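In this document, chain identifiers A, B, C and D correspond to the written order of the chains, with residue numbering beginning at 1 in each.
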C-alpha cells in the first residue's frame, strides 16, 4: 500500500547531523539571525543584507495588534475553556483566514500576476484599478479599520529604500496607491499587509506563502495573550459573544 | 525505522467489505440507530434496549445550548475569519476543555473511583463530600450557571428508571446530591454533565471517554452555528472581546 | 466598538428552558432519535419518517473506515504526541478537506446547480458529463479507491426507495452513473459520498453543509481511534511518515 | 452578562499607534531583531546582549528536524487532505504535546522547582536523581532518539559562556548531567530541549511557557513542510499509517 520512499529538500538529519538547506544548524545558531533562518528555510537560500533587514521588519511588524483581532479571541477562548498552550495557539492560527490575515496572500497574488504584464508600472496600476472596479472588488492590503495611515508601511518601505531594495512589486504597489487615489477620488493608503505582500513578492516568494508570514509573525503575540489569559484571568470568564437574542421559531410540540 | 504492522480492533476493511466491530455497515444502516452505532463503535458491543434509549438521550441532551458557550464562540470566530467548515468545527472542539465540557470526565472519574469502595452508597457519598471539603474542591457535574434545576437531568434519570436501569453510579450520583445538600446546607442539583457521567459509568465506559460524549453530541450544534454565522452575518464582525483597555508600561524608547 | 446585539435562531435558552428550533430539549430527548435531532437543528424543521430513516443511514454510513483514512492519522498523531481527546478530534477534523471527505460537498454542488436546468434528467446527466470532459474534471462522488462497488450506496438508495423517497437529485445522480458509463466506456459506480450528496440535496440541505454531515458522522470513529491509540499503543510510536530521504542542497558553509 | 472591561498589558493600540510593551512598533522594526522582539513581548522588557544572542539561538535551534517529527506528519496530513495553510500549521501545532516538544516545559519545571532549594548545586543534582529513581521517572531533556550527542546543546552553552551568562539553572542542568552519569552508570547527555529549558529558566521565563518557545521556533519549519507537500506531492498520497491489520471481533450479525 505504501507509495515507496518520499523525499524532502528541507533538512538533512543523521546521528549528530542537522543541516537546514545544506547549512549546519550549529553554524546557523552562531551566525544567522532567526529572521534570516526563516528566510533560508522557506526560500532555500541565504538572504542578502537588504533581504535580512526586510525579513526581520516583516516578522516584527505583525507580531501583535492588541486584544481585538479575532485570532486573539480564538486563542484566549481555548485557554479559557481549560486547555493547553499548543491547543490555544492552534485555535488562534485556525482563525487566520481569508478575512483576517488573508490580505497578504490576496495582495501578493494580484501583484505577482500583474507585474508580469509589462514595464509601464503606472499603466498596469490603472489597469488593476479598472479590473477591480469591473469585478466590484476592493484592493486587498490597502486601507485599515483603525489606522488612517498604517505606521508600519512607511517604516518597511523606508528600510527597503535605505538598502536600495525596490523591485517591480514594491513599485507596482506604490503606483497602485496613486492610481486608487486618482480613480476613486480618496486616499486609500497601503497598509502593513499590502507592504508585506510587495516586499515578499520582490524577494521572490510565492504568494501562496502569504498567510504563512503572518502566522509566523503572530504566533509569539498569540502566545503572550495565551499566557496573560492563563495568569491574569479566571477560567470561563465572559469573553464573548456580545449580548444576543433568540429570533427562531416560538415554542412548539414534537 | 517503522515499528512493523500495527493493529486495530475497530473496523475491518477490504474491497466491498466494511465491518464495524464485526457487524456489516449495511446491516447497521438498516437495523441500528446512529446512537446505537455510537455505542457499538466505542464499546465494542451492541447496547441493550435501555442502553440504546439512554445513549440516544445522552447525545440529544448536549446538542446545543444557545450562543453563549465558549465553543460556539470558537467556531463562529473561525468562520468569521474566512475559513472552512471543518476548521470551524475544529476551532470549537479545541475549546472543549477542563472548564467547558470537562465536568462529565471529572465527575465520571470520581464516581468510578469511589463506586468500588463498598456497598453502602449513602456512606460513600458522605465520604466523597468530606474528601471534597478537605481538598477544597467543588463536585463537578452539580449546580449550573443558568439553570436552577437542569431540566435534562430529570428526563435522563426518568428514562433510566422507566427501563429499570439503575447501577451503582447512578445511585451514587443521586446519593451525592443528598449528601451535598445535607453537608453544605444548600441544594446543588445534579446537572446534565453529572447525570451523563453517572449513566455512561453504569454503561461501563471509561471516564477518560467523558469529553468524547460531549464532543459527539455538540458537533451538530457547532455546525448549526457555523452555518448560521456563514449565512446570516458579515465576515469579521465584532464577536468579541468585550471592551478592553491597555494597562501595560507607558510609552518608552528602545 | 461592539456591533450591538446579535441574533440566533437555533436554540432559545433561559433559566430552566432549552428549546431547539422551538422544541423543548426534554421532549426531544424522549421522542426523537439523535439523527432526527441532527436533522432538526440543521434544517429547522422535523424530518418526515423517510427523512429520519435516511438521515440515520447517512450518519451511520460514514462513521468509520478503518485505520487508513488520513483523518484517523491526524487524530492518532495528536494523541501520540501526548495531547488531550478534544485536541485529537480537532486534529482529525482539520484533515477533512477538499480531497478527504470533500466529495459530498462537491457532488451536492453539481447536483444542486444542474437539477434546476430542466426536467429531462437523462439529458442533464449527459450535459454534465460533457461539461466535466471539457473542463477536464472528474465527477466527485463516483468511483472508490478500495471498493469496486461501494456497499453503502445500494443500501442508502434501497432505504430511500422503500419509503418512496426519490427527488430530482437522487434521480440525477443515478442518471449520471448511466451517462458516465456510456460516455467513458467504463463503470464508475456512485460511492457513499455521491449517494449522500444526492440524499441530502433531496432533503433540501445547502451543498455548503456537505462536509458537515461527513464530520458529524465520522467524529465517533475518530474518538474510537483516539481511545484505541491512547490505551493500546505507546506514546510517540512510529505512525508515519514512510521512509524518506533528503534530496536538498549538499553540505555548505554559512 | 458581560463582566465589564478587561485589561491587557501586551500591546497598546490606537489610530496611528501600535506600542508593544510600551515601545513603538516602528522603532522595534528598525532597531530590534525578531528574536529580541519575541523576548520583549513574552517578558515585558528588553533583553541584554547575552539574552538576545541566546534567544536567537534558542529559536534557530528547533526550527526543523527533518520529516520524521510527528508534528510534521500532522501538518502534511492536513495539507494532503486538501486544506489551507493555516489549518495545516494548526494541525502540526496540535501534535506538540507532552511527548513531542514537551520536554522543555517538563525540564524547566524541575530545574525551577529544585533551583530554589539551596546553593549546593551538585548536591541538588544528586537529590533530583534520587527523586527521579524513587518515582521511576526519566529526566526530561536528557538523551536523544537519534543524536548520541545533540550538537545544538554545546553551541547553546558555548554562546552562553562567551557572554558570561551562567545562572543557577544552567549550572544545575550541567550538574545533572554529571549526577545522572555517576548514578546511572551511563552517559545521558543534555539534549536541545534540556539546554533550552536551562537557558530560558536563567532568563526568568515561567516553565509554563516552555512549549511556547518550541512552537514559535518550529512554526516556520512546519510551514516549509506544508509548502513542500503542497507543491511537490499529489493530494491524498499514502503518508501513513504503516501497514495495519484488523484484530477485532470476527463477522457477526446484528
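Everything below uses one rule, namely that a contact is a pair of C-beta atoms (placed from the backbone, for glycine too) under 8 Å apart; a residue touches a chain by one contact, two chains touch by 3 or more.
On a predicted model such as this, the values are computed, not experimentally measured, just so you know.
Student: Which pair wins on C-beta contacts, A-D or C-D?
Tutor: When the contacts at A-D and C-D are counted, A-D has more.
Student: Would the interface of subunit A with subunit C count as same or different, where same needs over half of all numbers used to appear in both copies?
Tutor: Same: when the shared numbers are divided by all numbers used, the fraction is over half.
Student: Quick one: point me to the chain whose Cα centre is farthest from that of subunit C.
Tutor: Centroid comparison gives D as the farthest chain from subunit C.
Student: Any idea how many Å lie between the Cα centroids of subunit A and subunit D?
Tutor: The separation of the two C-alpha centroids amounts to 23 Å.
Student: Rounded to the nearest whole Å, what is the centre-to-centre distance of subunit A and subunit C, using the mean of the C-alpha atoms as each centre?
Tutor: Comparing mean C-alpha positions, subunit C is 32 Å from subunit A.
Student: Counting in whole Å, what is the centre-to-centre distance of subunit C and subunit D, each centre being its mean C-alpha position?
Tutor: Going by mean C-alpha positions, subunit C sits 37 Å from subunit D.
Student: Quick check: what residues of subunit B touch more than one other chain, meaning two or more?
Tutor: Counting only residues that touch two or more other chains, subunit B contributes 1-3, 6-13, 24, 28, 32, 66-68, 83-84, 86-87, 90-91, 94, 96-97, 101, 238, 241-244, 246.
Student: Taking touching chains as linked, do they make an open path (line), a single closed cycle (ring), a hub with spokes (star), an all-linked set (complete), or other?
Tutor: complete
Student: Can you tell me which positions in subunit C touch subunit A when the two form their complex?
Tutor: 1-13, 19, 21-24, 27-28, 31-32, 44, 46, 68, 83-84, 86-87, 90, 94, 241-254
Student: Help me check something: in the complex, which residues belonging to subunit A touch subunit D?
Tutor: Residue positions touching the partner: 1-3, 6-18, 20, 24-26, 28-30, 32-35, 37-38, 41-42, 56-57, 59-61, 63-68, 84-87, 89-91, 93-94, 96-97, 101, 146-149, 151-152, 154-156, 159, 206, 208-209, 211-212, 215-216, 219-221, 223-228, 230-233, 237-238, 242-243.
Student: So in the complex, which bits of subunit C are touching subunit D?
Tutor: 66-68, 70-74, 76-78, 80-83, 87-88, 90-91, 94-102, 235-236, 238-242, 244, 246
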